[in-house]
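Residue numbering begins at 1 within each chain, and the chains themselves are lettered A, B, C and D in the order written.
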């Protein structure tokens, strides 16, 4: 299968975004990757192998669920949810990671590294490494290690070494830098499993390629189920991989509105957010090897970002999405932390779905817009992941006293031990 | 031949190996940076690269990374860094290079940034995340301003690409000694010869070698192999451990 | 579809096990349920509706995963894993609960209650209630509330009232008694969603009916993938529902050995276990409305049971399994807590699978037996659920100091709040 | 007509409503249980049901449940309970019934257990989780031993099933007043009449009514409607709140 979203310009550019701004030491490695990826794409057996793996190890095709209660509550468009949360390891991250795993095996490498923010990509990579028998190191900002300790625990059980990154803002972007540093030293043995549709070419194209399985399935499912294409599709946007994955199959259907939802954090006016494309706070820059919109100051130094969802808390955004914003094909919105927690609570209560805090951004925006659409319309929310992993954050957001008591008792039980 | 290259060749005619050192501007403070430059020049270094700190220095290792972040936290800005450059280039006669990441140039406007480097008296620039393919805006601006774009060779760069890079290079070429980022030690061995031979074939420009050069033994090893030994993280580590006052003696001891 | 396992005797008996030992007040309710279930079974649309629901809301058919590394490590039979962990809410419990949800809707009731041990069945029921719009109360032993707090948190978010049961051993059996008490008072409005193939007739038959979807899928998958029937199938046995679900399609294939794995707890000789069928410690009794093997003393008082897996920590066992033991069709084994934690660690490390502690019992037994079987043979482990929910227990079992520190810091952060 | 039924009818000829009370043997202790029985008999109760505690009393509400569990925790065994029954049946002349769950009978062997009840001087048994359909072993054993199996009617039991149950019943029939388990209050209302009329049609046996009967007003309400008022959890609650000494006065005040 060829990539649904290949660069429209040389050197991995989508419009004026993308490229590969690499330290020379890594250039050869990227060329090797580009070649391996091109060969895989050209081999019809590769996509089949990928689909088989995802069918037998994860649960693809993931279902499309009709959110009957929310639809009724809002009295507007019929709301469907694409269930990436049902993937093995709990998020769409598995798609990308398993695909890259197959590629790594083709390339004959024996070690993988990855960065992780929410921890989902780290768990997915560590899982893939366990399955494929690769050695594995995961870089994770110290702040995120703390926010997402359960994921760290599982990564370690999966055999990965988790390295807390203590530099900079100690979040995702710093973990990415650190992964590049590792790669620059170990590229012969090692593949860097970048977790989203960002980074230097060919990562945005490659990650989108693997994630496009979401959109392919959805298109088939939604037509079968409703006899029509959706009026709008909502996806949260961290790096942009789940959004591109689900949007990819609908780019040529101009009647389908594609809506990317970024982290509004404490609200756009506070500037404490991670909205690169939905706010006026970002500007074009080059960092971490690619050109896109970044949240940066007038000197070009990256700003601290903020979101209740670790997986959206990132300075940059996929160059492909930056381009799709500039061309007007994708509309970008943002949802605040408070709106997101409310949307999560609603999805849980009314549909029995537990979206990840990241995915709850897409729910939040869809809930805002659904009432205004006619009942004939179909809208789809991409539920990129499940929210179990977020229990510490969500319990805090709800201020659940029973949970706090439980943690206190647990802590006390550890004190009593020798 | 660029002015920088001419000056390097002149210096080389007197020394069998030149020394280039590195600082992060504003680390640990602007005042200290000035002292360090003075001490290095007094100790006889031939060139200096001065890094304008960036929040995401992906090609740098832990030592320089930390210095970048501390300098920024202490209030280093592009404006102040260029003022600092102006000060030292006026004060000292050796060539100074600007080292930074492409985003700082891009954000300010590449041509404008280059003009400001020129106004600050800098001789050239090292932008480690800007390969020649992406340098379409940068190269003409540098040429117009008479500044040398320093490009990088690495052991993993194939011959053809060495030549391609060389075509854009001016002043000298910076050969990184090994895989990885700055700051880790390099075990210099005979393998280096084959790599440097490839570099020599690709360009007639002077060659600098850096990454992991940290003491007199390393510098001595490079004598006759390259034109310039680059000592980067080693001096930063020295400053962290033993203070600015130790710099002069250290640099003097290198050659 | 008719039930794959209907009673072979009147009044819901399987051999000498089963029956309905009910307080008179509940007899009419059970008759009503029996009638409704019979009507549903007779309606071909019902099973289709059930399959559609499970396909669109959960991810059925769940995959069959080849455990390539474990197979290689052991050098014996080819090991496959049936992935019930990928169900929505993370376990096979969803199958039963969604099926009963459809039945409740047919019966026109508006409230559901359930007991829960591991919390999985509680979360599943609360999820079903949210989706179907039923009011929901969950009874849970106080000990289990403490062991499985994350599940309690989600149940509450799902809108369920979770009632900690403070009587008796404060575990699953006491929660069951309490649910019956609620039902006896509210049977007009309420359905009791019993969580396993135990309890008075028709529950064992009905729960097995819904869970038989596992075995139906597996049979098709394993024949397609390997061209043969499995030599052995392993399933953990708490109440027995996942085991019966997966075994059901193979009962007539006498060449397929069916192995139920019970909780060996601290080891059978310590008597601190929950092995009803694999130990000599149980005897036939009647409690909680049905006749089966119970762990009881010579007076007939129930004993305290023990397992690291809350979901297996139960005094009774499905009457259907009791019968299948007596007929010799199913072999019963037990795995100790220590073996189970080791098996879990192995599955995580080598296959990237995170079985629930319950399911890890099946892994433990399969790991013991796989090396002794020829490579031509195929064995299947039913991974009834995922182990994320068990992080507090597993982290303690591993004695992870970083986890303990994390919990201490979390607790300290709560102290600082007003 | 069984001995028990005869005795009930005799007592009814002197009283317009009989009183049956309930204890959990060994709660709060065996000594206290004896005091309670003595006090109740002295206060004039006509029959008593004595519960042998069981770990899973699914038909009992919170008060009796807790008493079951505390009695077990304090060391109550079947053996001691039957010894206790022997003591009180020798000491007092009113009929005593055993109340327990089927598992205790089954575990000991149904026939053997029934024989032991007989030896203990008990007049019959109430086994709330044993519907007649499952009583194939129990009924003949009871008949052989001359003990009455007391069965239960409930408001949700349809007419046909009332008759079916009645066919196995001896002594009297225990009508539960409402849905739910023991121990909660019942609001007695006119609805009860229709239910009791259905019960009357189904059996000629005396009718007892229990579940939620807790004071003189309740007993009074039942006068003329049933033969026996059963007071269960109310006395247990009384003992918990005010001690064994309060039992006599409470029971005397009921009628």
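Everything that follows uses one rule, which is that contacts are C-beta pairs under 8 Å (C-beta built on N, C-alpha and C of every residue); 3 or more make two chains touch, one makes a residue touch a chain.
Because the structure is a prediction, the values reported are computed rather than measured.
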Remotest chain, chain A as reference, centres from CA atoms: D
CA centroid of chain A to CA centroid of chain D, Å: 65
Whole-Å separation of chain centres (CA-atom averages), chain C against chain D: 37
Computed distance of Cα centres, chain D from chain B, in Å: 97
Distance from chain C to chain A - Cα centre to Cα centre, in angstrom: 33
Set of chain C residues in contact with two or more other chains: none
Chain contact topology (line, ring, star, complete or other): line
Pairs of chains, among all present, that meet the touch criterion: A-B, A-C, C-D
Touching residues on chain C, where the partner in the complex is chain D: 11, 19-25, 27-29, 167-168, 173, 177, 180-181, 184-188, 283-289, 294, 296, 298-302
Footprint of chain C on chain D - complex, ascending: 54-59, 61-62, 65-66, 69, 72, 77-79, 101-104, 106-108, 128-131, 133-134, 151-158, 161, 165, 176, 179-181, 184
Chain A residues within the chain C interface of the complex: 55-59, 62-66, 68-69, 83, 86, 88-90, 126-131, 133, 146, 149-150, 152-154, 156-159, 345, 348-352, 354, 388-389, 391-392, 394-395, 398, 400, 402-404, 406-412, 414-415
